[in-house]
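One chain, chain A, appears in both complexes that follow, with chain B as partner in the first and chain C in the second.
Showing the complex of A and B:
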């Protein structure tokens, strides 16, 4: 990430009071909690349905969370800076429509069409970032606006019509390969790789640490010589890129360009982030937690269906877990002070 | 909840991974949402039929009308759960097609309930109301009820691009004797008599807003076609607030119990009643038949539609609200 100019050596974050508790996950409860919840859910469903633990079924759950999972990466970055992004789902839908229409109706080479889709979602990220940093608007309001703008453009540009007959490259991430008899989707691998990459970047690079620093205390960060605006701008643009990747995953999964995609993905992604133990107040969190958060929701949806229980219970359980997660975060934060 | 009864079956299944279930046919029902009473009733009908036939019913839905990805997820989960038959009310007639193709390639029987996919032959069969005919019936009733008076019509439609919205709308125009596109058309027909067309999304609040806006456009509207009864209830509310509820005829489609009550109360003049329980029960029967004999149904089966009206009009056959209540779906 080139958005941060200060070299890692000129900024000695450990001198700051906040840094010692931000750079590494501190309390086991905040990071272990989501993992334990996921394991408990898996154990429960394994006792209820003998199909649950099959490789094919677990691979399916991973495929089903890959769209929300990748959106949640962008969302986690934004939330770590104490922001929030409501536009993510709609921006993803727009990216998907741009890719699919450019590749079919405009007849662009599929790779170029994908690049255009990514460009559009990155532009929306840039717009969000500029409004947050230059105009100093709260991210909630900015992204509420861009969410509606992206939705309207998606509907107008697509004429509310689904785009079909896509070239194979656009849906290739939905294809699978066999691993020990289990079919794994390429999109799943991409999602896991992205999580690995971002986990590394947040933990080991200066830019990654600046993201935490800005979310913790913007003013203190500025005083150390880091430009919070540049960090924020980088985060929003990067988030846009992740939404673009999610567009491609969404198109791959359903095999069509769907103008009605992404309508609940903003709240779903925020749910995943919060379930994963990242604090909505910024500065604290673990990227891998967001993947676990997305998986918890996916496991409940899948497991309850296998049991033949209404998926409304999945919504109920999600609600309870969200409150538990935030409460845990609050309590652990208070006691650590 | 369902447990495999014998350790032998359990072992066999574990060994076979996701092989097909032992003796009980598994049928998946995917509705547009879990909360709309129409689909709640459809699920009940399927549940009863499944119990009667000794089948296991899995159910799922999208989060909202139009949530295609949610339906795809539900379908995958059901097939992973051993479903050999999928009954689906497609939220997005086109977008669901690739998922259905994948399912059918695995030998799963896919039947569309309530509304077709686009193209309709993407599923093995379709069990649904003839929505064009439902529109024709209320159009004919409205024509007789207006008794030759000059009409100014408002149509509160579904949302752009949905075939059911177009079929009911165009059927209504046809029944009223106006120029209308044919049943296969996905375009909303326009006629000089129609002074306002607005999307209600089949929702009461949005229907009310749509009617209010239509009244702003043309205060003399005296006939209102609505896509369903919640939209009709919204239209009535708007008309009542504007003090125009007496002189305006509202017609609708669905035949839910609340809608039939609104017909009895005179808020809605007539409604075309459809039968979600029957669709679901027929779907389950077909699934059980497929599990037993391997025979698949094909083509379109009309699940029937009946005109329900409080006041009878000359030349149009209609059932009264008592019959409507007996056959209605939802809370009586």
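Showing the complex of A and C:
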């Protein structure tokens, strides 16, 4: 534990306090579990590699986490409504390609190119939302389809080529500043700010509570006069916007527009949300849990790399993690009935 | 009731057709102030179509609905709700993982005063909490904490939350659609007590139920629906359960009900 307290992990201490103030006194394990898992993972990797707790490495973890972390915000909103978004990573990749191609080939001002990228990801969110609400298709199928559509468009539009020579604005969020021996990216700060904003909105606004209500009992919500379709549409569009912000973070981190981005992030984001304790059955969850979940995924990937474990095994571990998390969710759901 | 109370809600000649099927065939309805009116009927008697018309869930093809003497036209349940008619549904229509206070105010959240409430939609949680305590204690629902999730409550207590929500926001009428159907005996009796308390608060209650003992226990008058019409309105203190069921099923003609058993 002592090794952890000096790191940026101290940031999470206030969040523990918030959990006891929420209106839903869930099982302490449900909120404490992810945090303990994160601490356990950190402790384990600290014993396995001397470099794990170094300032440089932790800064790397945080930079890797910012993309998954921001996608996980959108994913959390969708899962809270009892849906799932399998298109998140591919939509993010498309957003990155649009931003970088528009800024270079089309020569648009960088800010406008970023706005266009956000517009495209929001549009995909709108498409998902319309198919889920108006055509009444299950979100699983809808987003499985849009995942492939977004992937194909990304490949076609980019010619499967990486976009380079980006204007500085597109990579500015990857710039770092020094903080207590580590380098913190501006993107990480943006991610934390977004988590704070969404945490507050979900807790303190009527719209935020309606997201939970729709996930809890859609029919009961409709009977109270709330339009579940409007809530769902808003959630999917907003999720698209978060994927778009993640596009910018991804472009910033790698310095290029990468048509093959988002492939690990797709499942990683879902894993992060479920590890964070948000129920796939909808209506229960905690946005800050998703941040912890994203950190767990990031720590696993980073720690396994440091230990020299090949990336195939990392994929295997992520697969096991997500099944463990979903199994825990399923069991706690059954016992709470 | 000794003196005849004024009419709160009234329907005349309601007709509702679904293709070849006539669900309502000129149905009348009268609800008086301060009463519990039970609505009973066999399957297909037009009972649920009548209730849906009164609660705005369907729009009748013909006929009129009067609320406090003036005609109303509900195009949606929200219209009826705005007119002061609240409905409690058979299925427990609550959000289980949300707190009692949140459920009571779901869709009608109190917002903070000023800019933050109006433009950012920030909730006034302290006021919602204190008003929930008031609404729940009005109906003598003994629940310790308004911040506990509804899923920690028993079925009867959950229905209590739904009843309290309706009673808190209804200005004219509370409609309860099979509120005890999903509950056990003890829980059902608890909800019957609640229904009486809602009436005693001054809100007339329309109770739809298949459960004859429950109907006879709480109803002041019983509206018997049959073949899309109102067959009769009877007084449960004068008529027996078997005669009531006989009228409902058609084994007894409404004209054969002794005059003293009818309610006005």
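Assume the second predicted complex is superposed on the first by the 289 of 337 C-alpha atoms of A that agree within 3 Å, B and C clash if a C-alpha of one lies under 4 Å from a C-alpha of the other, contacts with A are read in each partner's own complex, and residues count from 1 in each chain.
The rule is short, and it goes like this: a contact is a pair of C-beta atoms (placed from the backbone, for glycine too) under 8 Å apart; a residue touches a chain by one contact, two chains touch by 3 or more.
The model shown is predicted, which means the values in this text are computed figures rather than measured ones.
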{"item": "Combined model on chain A where chain B meets chain C, clash or fit", "value": "fit"}
{"item": "Touching partner for A:330 - first (chain B), second (chain C), both, neither", "value": "neither"}
{"item": "Contacts of A:261 with chain B and chain C, given as first, second, both or neither", "value": "first"}
{"item": "Chain B versus chain C as contact partner of A:175, first or second or both or neither", "value": "neither"}
{"item": "Contacts of A:43 with chain B and chain C, given as first, second, both or neither", "value": "neither"}
{"item": "First, second, both or neither for A:54, with chain B first and chain C second", "value": "first"}
{"item": "Comparing the two partners chain B and chain C, which touches a greater set of residues in chain A", "value": "B"}
{"item": "Touched partner set for A:226, first chain B, second chain C, both or neither", "value": "second"}
{"item": "Nearest-approach distance, in Å, of chain C Cα atoms to those of chain B in the combined model", "value": "37"}
{"item": "Overlap of chain C and chain B interfaces on chain A (superposed complexes)", "value": "none"}
{"item": "Chain A residues touching chain C - in the complex, by the definition given at the top", "value": "23-26, 204-207, 209-210, 212-213, 216-217, 219-221, 223-226, 283-284, 336"}
{"item": "Partner chain B, residues of chain A touching it in the complex", "value": "48-51, 54-57, 60, 63-64, 67, 159-162, 164, 171, 181, 250, 253-256, 258, 260-261, 263-264, 301-302, 305-312"}
{"item": "Complex interface listing, chain C residues touching chain A", "value": "77-78, 81, 87, 89, 91-99, 101-102, 106-109, 111, 120-123, 125, 147-149, 151"}
{"item": "Contact set on chain B toward chain A in their complex", "value": "1-2, 4, 10, 13-14, 17-18, 34, 56-61, 63-64, 66-69, 72-74, 76-78, 80-82, 91-92, 94-95, 97-99, 159-161"}
